[in-house]
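In order of appearance the chains are A, B, C and D, and numbering begins at 1 in each one.
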Amino acid sequence: MDFRSDNTAGFAPQILSALAAAADGTRTSYGEDEQSQRVQTQLQALFETELAAFFVATGTAANALGLSLLAPAWGTVFCHADAHIAVDECGAPEFFTGGAKLQSLAGEHGKLSADTLASQLPGGIGVVHHTQPAAVSISQASEAGTCYRPEEIAALAQVAHRHGLGVHMDGARFANAVAHLGVTPAQLTWRSGVDVLSFGASKNGALAAEAILVFDPARARSLGFRRKRAGHLFSKMRVLAAQLEAYLCDELWLRHAHHANAMAQRLAAGLEAIPAVRLCHPVEANEVFVDLPEPLIQALYAEGFQFYRWMDDRSNTVRLVTAFNTRPQDVEALLAAVKQHAGSTG
Amino acid sequence: MDFRSDNTAGFAPQILSALAAAADGTRTSYGEDEQSQRVQTQLQALFETELAAFFVATGTAANALGLSLLAPAWGTVFCHADAHIAVDECGAPEFFTGGAKLQSLAGEHGKLSADTLASQLPGGIGVVHHTQPAAVSISQASEAGTCYRPEEIAALAQVAHRHGLGVHMDGARFANAVAHLGVTPAQLTWRSGVDVLSFGASKNGALAAEAILVFDPARARSLGFRRKRAGHLFSKMRVLAAQLEAYLCDELWLRHAHHANAMAQRLAAGLEAIPAVRLCHPVEANEVFVDLPEPLIQALYAEGFQFYRWMDDRSNTVRLVTAFNTRPQDVEALLAAVKQHAGSTG
Amino acid sequence: MDFRSDNTAGFAPQILSALAAAADGTRTSYGEDEQSQRVQTQLQALFETELAAFFVATGTAANALGLSLLAPAWGTVFCHADAHIAVDECGAPEFFTGGAKLQSLAGEHGKLSADTLASQLPGGIGVVHHTQPAAVSISQASEAGTCYRPEEIAALAQVAHRHGLGVHMDGARFANAVAHLGVTPAQLTWRSGVDVLSFGASKNGALAAEAILVFDPARARSLGFRRKRAGHLFSKMRVLAAQLEAYLCDELWLRHAHHANAMAQRLAAGLEAIPAVRLCHPVEANEVFVDLPEPLIQALYAEGFQFYRWMDDRSNTVRLVTAFNTRPQDVEALLAAVKQHAGSTG
Amino acid sequence: MDFRSDNTAGFAPQILSALAAAADGTRTSYGEDEQSQRVQTQLQALFETELAAFFVATGTAANALGLSLLAPAWGTVFCHADAHIAVDECGAPEFFTGGAKLQSLAGEHGKLSADTLASQLPGGIGVVHHTQPAAVSISQASEAGTCYRPEEIAALAQVAHRHGLGVHMDGARFANAVAHLGVTPAQLTWRSGVDVLSFGASKNGALAAEAILVFDPARARSLGFRRKRAGHLFSKMRVLAAQLEAYLCDELWLRHAHHANAMAQRLAAGLEAIPAVRLCHPVEANEVFVDLPEPLIQALYAEGFQFYRWMDDRSNTVRLVTAFNTRPQDVEALLAAVKQHAGSTG
């Protein structure tokens, strides 16, 4: 049983079917087809606003392209020290921005606070010796499996905007945050001050599809060129559009997220009841971080359970990730194993 | 009927089925799954050599990443004036190399000759004022729908290697070239001196899949990092691997190319017989370039035939592209229409 | 006797004296000192307009930084095929712009015509597959030693601005052009539509000093950051400011240029009278290009005259450059030698 | 009296004289002149080893070009959190490396320890998701005015080299460190494992001159191209060579540093005796950092003393920098004023 990541999971049948339905016939390439246009409209409806949407295949591309709209080459991008853009994208934001500096900041449970951001500003704005504060990027849900409330986002955005910074949201697990918080996509984004969102589908049942949403379309004028020169413009755009249309249809995205979140809650609730186990963060999305005794980790690995130590190979913190298709019996099997070994090894 | 491009065509059923077959179960992400490894082996078998293969989704990504292995930021990449990398990738090679200079050269029927390349060399090698000759890139099949013979490639490669340049092949239509020339992939590439190949599938029945093949694996050491920071590393690598495995299985890639080429030959043969029509280039792949009288172009557009003027909106040269799924009756319908209107308008 | 380049010449005494005068006392660094501010004002007076001036030490830095204001990473910069930015800066414009494409165009006697520029436009403006026309760069005086008239510049600028392109002037030999044409700096630049000028001093008696002049200061907002991150912001800015102040004082810049031009005219007049010699271009600045018989070239080299073949080592075209301190007797000596050997070897 | 920085000081007369001596006559440009070659030899003699030296005008250029030899675009450069390259170069290292990531680390008194570096390694070496540890950069003297002992450098270099990282030394104040430690330049650099040194002169009496020293010349092969495309290759290289030759002649560099250090010691000794004043760091070069009561700071400003609060405008820590030409009476004047106001305001 695999709790390594939501990207070790496969594809949802509805999304595969949409690809099959898009297989025949010729279509204008590079996004000028009707389906691609339709998904634009659907995203506008979902987010209740005008927006410019650009489809790409990976979250790293979405993040880095989005950030390149907000930060010049001499810009500073503030983010949490654990942010995916800072530690897991091999310098993609630096590449796409032409060399901007990511400034990692501390924050409890994977979240950046408005106060922490404020403490960095104005931070040399206007002084040529220093890279210029340009953007703040937050992950929703965060890398610790927690969620920013709309008011937390608004507070961050207020600080950011007051100093001329743009607000980027890495929404690789945006659906999980919406599902957990029970608020609208609009509330979690532009209504709270988010300027650019990476709207992820790949971790939530799609094959490989993300949408970069720019809430002020005027700001997106260069994005078509940026995407093309980065090799991220699909010729057969229907490949991405069909996935996204199925993802949006009948709230598949939200249903998937509700399921994954529920599996995480079930897992967390079960683990919490076991004395040898300590939950590291509130469980608010589809990730559960727990400290486990080393023999317990070994025992679980020996039984074939798959999961990662976090963030390094010697850590006793493990990350357990559920997905759109995690089965309750898998969660129960893991819980049973933990219980069994926690007793015998603890 | 659509003769605009091979990228306006859809997906082959075998490739869709492979994706469906890969949908379930969890797999190690980022290319460490068995299928991804298997395709590596299949590519080595097909090319009869050790090689390092990196999968990406677009031809532009494949070309730009491949070139970044060969040319430093202060390098010169020689290519044909019509090369896709020079005119149709919005500066992707410049982006991925960090600013290398593409030096466009003339060449009959879309092909670069060894003599033309030789005339540019040594070209300031070692002189700090000039960008340094670093690579030559050729398109196989070329943008004019012609093919380089192994001996032509070898002659180019000999000139290139003598001066320390790498040889890159944009093989977006590599299959069509193999099909036309009846030689092995090995003969068309490393046996003739090609160092890096963009092995294309997207234009030939896949959804979006290309493989960057580096024939000296030691040369590919940085490619994993380059791909990741460019956002081209798929988390669910099975998405690309499944497509490529189906593409390679039972020579689907070659059968597709034979079909597309045959359709182009049929079209060319029919057009050649019409006095008002002039073929611009030998037809050696799946593209037919013809000069048509303006009224004939208008008449064909009016009947709903789709195709592009080449290379600009005022040109009377049109490009007709066939694909893996072009139907004979579509070719016949186009020929009939040309005949009809050539008579009435000519 | 050395006719290789105006950069093999030394420094003018007035400029050295200015450095000596600036040696003592402490001053605010990085350009906030009074002298640096004063030179800004002097440049505004000379050019009869508001402008933003940024001092750097080399022409390549001035050009590349200036172009980076006009062209995005996905931009196209049109220039003459012989332009210094295209062939002699090792890709600096590509580096500073983040990968823009230089599109070399033909033009008689080193000059680009408005018609040639117009033939390239709109050139795919708005189409994501193509780099976007962003700027035109002209050299004044040109690499062939010729000068653009104000009306020629205005015609080019009109075409450029009509399509949204910026106009850059590489003025490494701007002084020579002003001296030759007898027009004002304003007429040769912003009054004719130039947006950014590299105002050169290094080739005209300074040690190493250039000013990037941006005629719309709002356009220069990012330039301070660009200069700093490129390592071109001098801490002791007086080093550049003192040179430039001396250069501007009592029209030293213009007097130097008049002298160098006069020496070139004298040389050209003498050479023109010799049957074995063919002038390649009108002599309008401080460079004389002549075709010489090979034995004559050899004979001159043997006598110790220094000059370069143009543009390569096998060429029989030679470039003879005069400078602010070229002596009449050196010109006469060269003429005498040419006459002597032209007779005996011709 | 100005204690703001060693870059608010002027030029040493010996260096000015050297420029005057270099003013006349023509010379081969771009560093092929005899003086430039001679300085190479002198640097090799001073450092007792083969090395490749490249002259540039600014410390930022020296650092960023040097780092670009050690770190690929996907590399990580470790440095102290206060390092000039991290906080005062507006992203130059990122620009020149093509986007490498600077990882700031803590360290007492401005110095990085081998243990701290070791704690970061191997740090994801070989994992494509992470930027790759590529170099460590240390400042000698440090930004806190302290010096690394040879054994400290060796310990850092050992950790670095064990993991394949290069070692860069920002030697903007290298002379002050040599003067303080009484060891040879060789001991402080390659003998202790330094791979690339920015050998600064600008802060120590030159106008604007630095040398990038690469102790393994093979590693410097690309540096000529990198320098040129960055606009840092001077055409009249004598401008830099003459400064550096005078700087090296009769150990001017070391005598300057001894003087500046002595002035700092005198200042520190005087300050230390005043109860209201707290020294923040050991004084080992030409910088003194002290905590002062706010009224005292105000009083000193009111009397016209110039110095900076460190690192921000609200700080009560001030930095006092001495230079090659700081006069004892200036130090005494400052001490007298501090004493006077410390009594009355304390």
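As a convention for this text, a contact is a pair of C-beta atoms (placed from the backbone, for glycine too) under 8 Å apart; a residue touches a chain by one contact, two chains touch by 3 or more.
As the structure is a prediction and not an experimental result, all values here were calculated from the model.
The chains that touch chain C as well as chain D are A, B.
For chain pairs B-D and A-B, the one joined by more C-beta pairs in contact is A-B. Inter-chain centre distance (chain A to chain D, centres taken as mean C-alpha positions): 42 Å. The mean-CA centres of chain B and chain D are about 51 angstrom from one another, to the nearest whole unit. Chain A and chain B have CA centres that are 34 Å apart. Residues of chain C in contact with two or more other chains: 73-74, 89-91, 94-95, 98-99, 128-129, 131, 225, 228-229, 233. If you check the complex, the residues on chain C that touch chain B are 73-74, 87-91, 94-95, 97-102, 128-131.
By the touch criterion given at the top, residues 2, 4-5, 7-11, 13, 16, 19-20, 22-29, 56-65, 89-92, 94-96, 202-203, 207-208, 225, 228-236, 238-239, 306 of chain C touch chain D in their complex.
Here chain B touches chain D in the complex through residues 30, 72-74, 98-99, 128-129, 131-132, 222, 224-229, 233, going by the rule given at the top.
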